[in-house]
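Two complexes, one shared chain (chain A), two partners (chain B, chain C).
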Partner chain A sequence: MKRLVFDPARCSLCGACLAACSAVKKGRIDLVQSRIRIETAGSRKPLRAAVCAHCEEPACVTACMRGIIDKGADGLVTRRWEECFRCAACLVSCPVGAVLEDTDRKAFIACDLCGKAESGEDPLCVRVCLSGALRFEEETAASADLRSSYALQMFAEQPAAPTDPTDGQWEEIARMIAEECGSPVTVKELKSAQEQLRRDAEEGM
Partner chain B sequence: MKRKTDILVLGNGAAGSSAAFAAKKADPSLSVLVLSKENEPVYSAPALPDLLSGELTREKVLVRTWEEYEQDGIEVLCAEAAAIDPGTRTVTLADGDEIAYRDLILAAGSQPIQLRKMQGTSLPGNFVMKTMADIEAIASYSGKSAVVVGSGAIGIEGSMALKARGFERVTMVEALDWLSPKSLDKETSDQLKKALESFGVEVLTGEAVQAVLGEKKAEGVVTSKRTIPCDLVLWGIGMRPDVQLAMEAGIALGETGGILVDEFMRTSDPHIYACGDCAQSTDLLTGQPALHLFWEPAQRGGFAAGANAAGQEKIFQPSAAVFLTNKGGLSILALGKTEEQLAEDPYVLQEEKDGVFRRLLFEDGRLAGVQMLGTLQDADLFFAHIRKNAQRRKDAWDLTQPVPDLERVSVKEAIWYLRKQRRNAFVK
Partner chain C sequence: MEARQQRILYIDTQRCMGCRACETVCKLENDLPVGPRYTMVAEVETGCGLTEKLNFLPVPCQHCGDAPCVRACPTGALYKRADGIVLVEQSKCIGCHECLMACPFGVPQFGANGRMQKCTMCVHRIDEGTLPACAANCPAEAILCDTPENISKILRQRYSDKTVAYGPFAILLQEAAE
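Right, the complex of A and B next:
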């Protein structure tokens, strides 16, 4: 099964993946509701991505106090989120920090790979990441090993200077998101999301 | 007539039901029979306060439906076990019927501690919160004021639930000096007290309940300092493992009073396994025997016990005590050591801002504990550090280096540092 892999050395913190995720899942650009988070620590330097790793032995499955999280035979970890009573045990037990509260659904949720696990097609978040920091890849033996013992992903490979999308690329990103969501998204919205993300990275918790 | 089954599971809580489903999954050819002295399929005990408050309905508390048992071919008998005979591998039910097993999985859970000798505690109006039936009993009892005894998770969640249910007056009484002292420091307790009061719960600490007043029903509570009139008393003074039948059958108990099991959940009898609240576990942080009466180890232990009893080897890894409540607008999380437990060179960083309280406890510059209110952010980060520090593992992921200049950093900066440290642990 393919998984999301993140290379912080290539990430310019443009925020396109977060914008795309919230646009797809929430119908609006709302960074805190994105199911992928880029962890930072007082600067624009990305440290890692927090996104569900669909663990081999998922801590969330045994922690869930209503038994509504399952590990399928296909490898996907799924949630019957309508039944969630928000005990937060999955959030607290997840070693990746991949779980968040969906404020509209009133449930704890995590990345479901947008149904692309089977076909292996790139989900929107990967398509809008033009720098190649976020990828959808078949796991290697090493990453499987890493994931099952401690579900952090992503390793820097060849260091490449992270670059921001050009104006033309921003247009392209906006078009891709709009096409997937069926509602218009402007470059202005995307850029203001980027600014907020960077402010939070530098000043926020 | 004597019934026969390959796997007999005694108990249908988180542990017992998980064990039954896991056993059947591991080897579908085995017959699996579950005994339960309750009449519901497995339900979420941690969701019971929401049932009490009215937030959830009965259906929304269930973990599995009877149909799911049936689909998987698991039989359930709603009957109480009265004795175990390991010699003949037989369990005798309260009505005298006998069931012969190949392997038995003990998952009888725990029982609320009750002070039966104290005056007035057997009067109507005294309640505990352990089962669905307990909640239904409280719900059908009329009252407007309640005293909740104890300030652990049950006391806290019970008080909030009664208030949300519409009780006019709810008073929580804790005999010790502050709330949940096993998990929280005084400073955190002070914050929690403020939060509880903002929800309308009165909080009294350092006051032991000495008697329940009333002739025909509970009418009040006498503490070491005052008399509190009330219609209902909810006891939340702790749970203890239910090991009665195991003990009578000569099965070895551990030093904590839970049933002694190895990492495959085997007891001292080769055909008997145990899991959940009734079994002793190993603390992930201290490596010491512990009683972790929590949902996660019960469910995970059940999966392991079921698989092992069905002949598939599965190791049960140590568990951690996680103090967590996230209900009705109140969230509390405590992990690792309290201040009192800190060893070398203790240091505490604390901050309260915009309804968020964080208390980070360091020993020797390394994170050893955390207590927070109003946020669950970075739980994964804290847990990773606390765990590594406790284990002091000098491996490639060593996260145990100290945070420099603890005296000079803010909580935010300390968290930034911990994040970078975790990240660096992954880059060679």
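Right, the complex of A and C next:
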């Protein structure tokens, strides 16, 4: 099964993945409701992505009071969120911090890979990540990628610091999000989301 | 055991010629199916024209002193043995992939059971007093497994061998060419 793999060295903290996630799942850009979060070390240095890892032996499945979280045969962790009574046991037990409360649905939810696990197509958050920090790949491919980039550092020059999307790229991101969720998204909204993300990161949230 | 007795896997990139004997013998030694690779030879092209060169770097587990994977593991399945070898207790692993994200070298592997497995520095062979399979079978002796002090001794010996054979000037020329 393919998974979301995050490479902090390539992330410029542009916030496109968070905006895309909330736009697809909530119909609006709301970083707090994004099912993927980028955790930072101190100020603006991305450290890791908090997103459901679809663990082999998920703690949330064991913890859930109502037994509505299932680990499917395909490896996906699914939730029958309609029945959730918000005991927060999954949120507390999640080792990767991937669970959040959906304020509209009144339920605890996590990343479901937008149903792309079977087809293996890239979900929107991966497509809008133009720097290639967020990828959707098998563990073996992710490991080979990491090993190759380490070797590249050994022999060739240091990789350039990640840069923000250019104006043209912002427009492309906005177009992709609008196409996927059907409602128009402006570059201004995306940029203000990015500013909010960076402010939160600097305040240590 | 004292920390400075920790063994490391040292890769001499000037000697590695990309034969992948280490990859093959690792798979055989650890009985690995298709998928997980405890070591992988990464290839990097540098230079262009006359200086164009293909470089090879085998990437086994570095058994870091302060291993990020051990810190990242939420269940404590990963641990450092007294002699510094980083090992995983598969019964504790929940397959959350945090170690893969934390490892700067992409070493953690996941097999069919979805649980993490990794290079053990051939711990069964170390306990018997023999070298890990990759180090023992490297035809170029590019992979060394020893304490840092002993590896330093070997490398100094190799350098002085070269100096005596070719003269210091020849080495400078060779380095300038690279």
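Here, the second predicted complex is superposed on the first by the 183 of 205 C-alpha atoms of A that agree within 3 Å, B and C clash if a C-alpha of one lies under 4 Å from a C-alpha of the other, contacts with A are read in each partner's own complex, and residues count from 1 in each chain.
Here, a contact is a pair of C-beta atoms (placed from the backbone, for glycine too) under 8 Å apart; a residue touches a chain by one contact, two chains touch by 3 or more.
Quick caveat: nothing in here was measured; it's all calculated off a predicted structure.
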Partner chain in contact with A:R48 - chain B first, chain C second, else both or neither: both
Partner chain in contact with A:T166 - chain B first, chain C second, else both or neither: neither
Partner chain(s) touched by A:A63 [first = chain B, second = chain C, both, neither]: first
Which superposed partner A:G75 touches (first chain B, second chain C, both, neither): second
Contacts of A:E39 with chain B and chain C, given as first, second, both or neither: first
Touched partner set for A:A88, first chain B, second chain C, both or neither: first
Which superposed partner A:R3 touches (first chain B, second chain C, both, neither): second
Partner chain(s) touched by A:E139 [first = chain B, second = chain C, both, neither]: second
Which superposed partner A:T103 touches (first chain B, second chain C, both, neither): neither
Residues on chain A lying within both footprints (that of chain B and that of chain C): 48, 95-96, 150, 152, 155-156
In the complex with chain A, residue positions of chain B that touch it: 42, 44, 46-47, 50, 55-56, 60, 63-64, 295-296, 299-300, 303, 322, 324, 326-327, 331, 333, 376-381, 383-384, 397, 412-413, 415-417, 419-420, 422-423, 426-427
Residues of chain C touching chain A in the complex: 13, 35-37, 40, 42-44, 46, 55, 57, 59, 74-75, 93-98, 100-110, 113-115
Chain C partner contacts - residues on chain A that touch it in the complex: 3, 5-6, 48-49, 53, 55-59, 75, 95-96, 139-140, 142-148, 150-152, 154-156
Chain B-touching residues of chain A, taken from the complex the two chains share: 8, 39-42, 47-48, 50, 62-63, 65-67, 83, 85-89, 91-97, 150, 152, 155-156, 205
